[in-house]
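These notes concern the structure reproduced below.
Which chain is which? They are A, B, C, D and E, in the order written, and residues in each are numbered from 1.
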Amino acid sequence: MKDASPAKPYALHLGVIALLFALSFVLPDYHHGLLARIMVLAVFAMGYNMLFGYVGLLSLGHAMFFSAGLYGAGLAVIHLGWSVPAAFAAGILCGAALSLVIGVLALRTSGVAFMIVTMMFAQVFYLVILYFASWTGGDQGMVVPQPARVLGFGATSLDLTNPTVRYMSALALFSTVLLVTLAVVRSRYGRVLVAIRENEERTKMLGYDTFSNKLAAVVISGTICAASGAAYALLFGYVGSSFASVQYSILPLLWVLLGGAATTLGPMIGTLFMYYIVDITSGYTSAYLLIVGIALILLVLFFPKGILGTIRQRWLGWLP
Amino acid sequence: MMPLLTTKGLSRNFGGLRAVANVDFAMMPGEIRAVIGPNGAGKTTFVSLVSGRIQPSSGMVVFDGADITNLPAYARVRLGVAYTFQITSVFANLSVYDNVALPVQRTLTDGRSKGAVRTGVMAALERTGLADRTHMLAGQLSYGHQRLLEVAMGLALKPRLLILDEPTQGLADSEIDNFIELVRDIARSATVLLIEHNMPVVMQLADRITVFNAGKILAEGTPEQIRANTEVQDAYLGATP
Amino acid sequence: MTETRALTISGLDCFYGDVQVLYGLDLALNKGEVLCLFGRNGAGKTTTLKAIMGLIPSSAGSIRLDGEELTGLPAHEVPKAGVAYVPQGRRLFAEMTVAENIEIGLMTRNKGKATRENVLDLFPLLRQRLRQRSGTLSGGEQQMLAMARALCLEPQVLLLDEPTEGLMPSMIAKIRETVAKLRVSGVSTILVEQRVDAVLSVADRVSFIENGRNRETVDVEQLRADPSAVRRYVGVG
Amino acid sequence: MHKSKTFDLSKTGLTRRTALKGLAAGAGLAVAPGFVRYSQAQSSAPIKIGFQSHRTGIGAAYGRWYEKTTAAAIKAINDAGGINGRPVEVIIEDDGTDPGRGAEVVGKFATQHKTDIVFGTLFSHVVIGSAPAAGEAKMPYFVVSEGHHVASTKLNRYVFQPGITDVKSQIQAMAPWIAANAGKKVTQIFPDFAFGYDHRDYLPPALKAQGAEVIAQIAIPPTESSFTKYFPQIPAETEVIYHVMVGPAVLTFVKELGEFYGSNRPQLFGFIDSLEATDINSPGLEFLDGSHFWEGSPRYAQPDDSAAQKAYRAAVGIDDNGAAVGDPKDVSTAAHMFGCWETLYVVKKAMEDAGYKGPEDRAKLVEATEALTEFAEGHEHPQGPKTFNGKIHQCFGIQNISKVEGGKLKVVHKTKIEDGLYEPEGDYTTQAL
Amino acid sequence: MHFGPHLLLAALEGLVTSAVLALMALGLSLVFGVMRVVNVAHGEFFMLGAVLAWAISTAISGHPALGFLAALVLAPLIVGAVALFAERLVLRRLNYNPEATIVATIGMLYIIQQLALTFYGPEARPVEPPFSYRILLPWFGYSGYKLSVIAASALLLAATWFVLTRTKIGLIMRATQYDSETAQAFGIPVDRVYAGVFALGAMLAAVAAVLIVPISQAHYLMGQDPLLLSFIVVIIGGLGSLRGTLVAAVLIGLSDGIISVFFSPTLAKIIATLLVAMVLVFRPQGLFGTASR
């Protein structure tokens, strides 16, 4: 943030988006499909980063926001027969509403207590999904039927199960959230969030209602994560409780820490890294988790602030 | 004329300790008031109560005729009560620009224009002499410059009451002279409440001085009156060399 | 000369992260004297003490305790060599009792009951509070405990960082008295102070620290005769 | 998909993975007599089966034995000339017993390994999570999961379960025996997740039809590792406790039940799923003596075992106690893993019926599978004869009820196929291919 | 069953849960409190303890008590050594940076889990209890071993409490926890204390695992749920408060048991979790934490 000139960061981000667009035409099928999935989950990580990276609030409960979107959209299609846009909106709304409630309660705490409270609320959410298994399909989950996953525009329609459409939809969501994140981070509001992270007491004494600002950040973060969940349900056709389990709260944390907290592109890098290291190593050995574990430790030893975070610190100070 | 700030029976206990005990205090708009007293006399607790950083055990705070006792700190800032910290607490990892932009953008009502923020920030930095350090990280500034940055941030809030808690601590002599000029300048548009140990600064700046001791107001008056007050001498100044 | 020196610092450079705080600092503490470090906030006084204790790594220069080089030692070996530290703000183990704080002091150099008795004799007040949680002591009592804890090392060199900060006058007097007593018993002390009166009443010599350097070291008599140096470096008068 | 084909990473990816195998095969082909034309090489290239395996995660114990059984079946098939004269190659990917990863793995088989089919999944949430990916990739997906999800026709036309009977059918087939031999008042204890729901939903009507009733249902949360506190909810008049507990906590469950009741217990009827891969002689399980279990295929060798059953056991490498030959502590998942063997033979049959040549024939393969109706007991189907309903993609076989006696499981009753038949709930064949 | 006996049973079950949880949480609390490291791998040390207990007890023939006692001594020692190794090799090099240690301990989690899967296998394996005595109450039978777990845990907790409050080692650990810099100034080798604390924390988890493994079984995924519960206990109890940790463990164990009397199991879990979360919402510093840290 030392360099106030916006040209470089925007050029970089647009470049990344353009690269991802171009990749759609050259990637082999498998990587094409995998990248679509990574982009959707990177949105989850970006939503997480919004709160963790910029406001400094470590939540271990973001799986609930992701799955609020997942179930909000998925169940709207399955039980109510809603169209894709309506279901997507429903998923996002569920995430926004849930994050508002959770925010109001959890923000009474801070630090490790915030971490544990969010984890417990997420656990409640997970159990609620199991408890209402007759609607949610419990741990088995439910399939969002293929015919329902079509986006109609009058006469023409876009089939979200078509790989290219899916890739482009994922890219559209990813780009939107990336640019929104960049804009928020560079905005006055973003400056306030960072100020809260750096010194909340001081920020209060500059006339900021830090509670409301943090609450807004929780809601923005939760909503972005819900958008990712809703997109996941609609693009990949499955809703299930494993996405609400604690692993899916730890994963975005891991992705963000790997890529670099409080960097706009870090979440994507972290998600990409984690996905490919699992994918590649599992092809060579059945004991791939060992290699993943060692890789994580090596990475954190040499890139203590995450990949992009360390690059920014050492070489490219202008990275947003 | 109505006082800008009044406290009535203001008290705060920490455990068994009465850090501030039943303080009645008033200051007029436009004055520069210094609060002095030995360490632990309750000065910082007192201004923390005024600014809303801590809640009183009893008593009330009235600002510009309105009871603000139950207002949270940020709301008091919005009414015009600005506080600069005793220990430097600038945002060390943010640039000098961003440090000042934070208070500036809060006071702007148009909410949009980047130019307005820039103008406001630069104005505050010019006034405090930090304009040539805009893009440095605040944590890399020298101690004295960090103190000035604190003041710049306070200034940028366009306060009606600016509370400065030991602003000259750690400043060099030359810096102190400039600082005195700066406070005089600020006082043209705002009322200043100053906690200060450096007696020459206090004597040069203050219209009136309030002396705290053991959580209570020991004396109040013009610099001359205070200088002449033997009780104050005993409690605070101790044996001068 | 060396045998009269308790502690010699020469050419010390210290950094906090990227920011240099000490620039080739030189300092000499004679045996049995009270040397006062005087200077503004941020001048580098506390950093000097922490550097002696090994709590901040020094990037250049040397710190010799009676001929023994301290800079290479890990932080926890420095107190064992005989340097005791009373940090600014006392830094007691607030959740622990008075007795436990003293116990930690005794453990440092494996001192026993006799030391404990000596120290408690120096601060008889603490004897009645042994089982009290140290965080609940008054400010003055806490300062006494902090000094007591340090004296449990039976140190050759004692480092005191603003021991009178935030204390009421009677307590300040008590602390000064103790410093004076220790000097009589042969402890060499470095005292960081901001109050001129405190300095003049207990110190033998005064070093003026400014911007991470030792500008000048003067005898306290000289300073009494001509206090202009104080004015020059700290701006009080 | 409209994509440039100038830069195809997948080929290099494939080579990397199978480089050694490819070299060996290539060398073999080069010296083989009659290696003349490219098309011939094409037709003798291996059929690739993607095996979605639970190597890690909660299903790992099953996954290991599914892999062993599959390897044995593939060896048997290849030794007998492969499928359509082509060798069969299995490519294994770990799904971590996670539905999200499961779907990715199906995608990986479809687009990177370009396998002909995907096969082998057990855990129902992975099946359901992966099914959409299989359907979208038009990838025949043969699961060995025993859940009712395939037969419910809520998945899609590419998902089959031809090697193992589904739970709904199992329950229906066994209810008469329970009502007649164990007791009329039944309390169910089951995990509060998918596998448990099939039991929760299908047992009460099945028992009711036999004049018995379920008087209490106790669903245990999946995070639970201790059960005693739920036992007081078992009504005192209970005659039979019908228990299904999957996962590592099952031993605790049985032991605690033993501590709670002592010798004075109701009848116990359980699903061996609970104790798959677990030694029935483990300390604490003495309590199970005299109780009954459902078994798909019997774990212990039975006196009346068919020759096919004996051959199958020998091929997979399990001894008379159902443990790995040479390691009596390594107990198999015998009641389920036979499904892998049988499914592969169904795949072989369907591919041969369809004249399957490559991925372009997948639709034909689906139709050929749907056209199957009966599997005779024998080498291909050692567990017993089966019928297959192409409309619901589900097979129906016989079930075994075994009694724990002297530390072994002894089959005391075999159901008939007809006992387990029910009205189809839908028809996959009406879906487009 | 009548309400009274049902409640008694639920309370007994709750106490067993509490007993094991308290030990494990205590280990986590030490690491968390003294080193400020969020040890995500703590559950894996627990699992490792259980797996080793199985390996040791099956390797020793004779009366089951022999194998069990050997496991009770050896398993924690081995786990402690593993933890020590991990601490020296990784955590120290990270300067105990809170964020980096989260990633590093997630890495350890993967490594330990995979090693357990590879060398121990995916099965759940039982360990024979040192004795099996069923206590026959008028309404139900209860495992004598379970009661002995409560007693053993109480004993170990008391021993830990004694070490922490009455010995030099405890003094050194607490001094490091409250103020590591000042501790160094009094000759405390903070670096070595951290290593010791990390090992001790892991050993407590391993002991808890050895105690519980004759009741439940050793399984390579068994670490996760106790880890989450331990985190909850540590925070609810108030960071660094031994008493708080104990009270929170009992509170959580008992509420889990007793609420299950009134509601269906999953609903009971939901309510119990929500209640405990609310405790934290309205008392963010935990039950015995001080208001500001």
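By our rule, a contact is a pair of C-beta atoms (placed from the backbone, for glycine too) under 8 Å apart; a residue touches a chain by one contact, two chains touch by 3 or more.
Keep in mind the model is a prediction, meaning the values are calculated, not measured.
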item	value
Both-way neighbours, i.e. chains that touch chain D and touch chain A	E
Between C-E and A-E, the pair joined by more C-beta contacts	A-E
Chain located farthest away, centre of chain A as origin (C-alpha)	C
Label of the chain whose CA centroid is most distant from the centroid of chain B	D
Chain C-chain D separation of Cα centroids, rounded to whole Å	75
Euclidean distance of C-alpha centroids - chain B vs chain E, Å	50
Approximate Å spacing (C-alpha centroids) for the pair chain C, chain E	43
Centroid spacing, where centroids are CA-atom means, of chain D and chain E in whole angstrom	37
Junction residues of chain E, two or more chains touched	114, 117, 266, 269
Per-residue multi-chain contacts in chain B, two or more chains	none
Contact pairs between chains, per stated definition	A-B, A-D, A-E, B-C, C-E, D-E
Footprint of chain C on chain B - complex, ascending	15, 38-40, 139-140, 142-144, 169-173, 176, 198-200, 235, 238-241
Residue numbers on chain E that touch chain C, as the complex places them	168, 171-172, 174-175, 178-179, 181-191, 240
Chain D-facing residues of chain A, complex	24-34, 37, 127, 130-131, 133, 137-144, 146, 161-164, 236-238, 240-243, 279, 282-283, 286, 288-289
Residue numbers on chain E that touch chain D, as the complex places them	1, 5-6, 9-10, 12-14, 16-17, 64, 114, 117, 121-129, 132, 134, 136, 140-143, 215-217, 219-222, 225, 257, 260-261, 264-266, 269
Of all residues in chain C, those that touch chain E in their complex	53-55, 74-80, 85, 87, 91, 93-96, 100, 103-105, 107-109, 149, 153
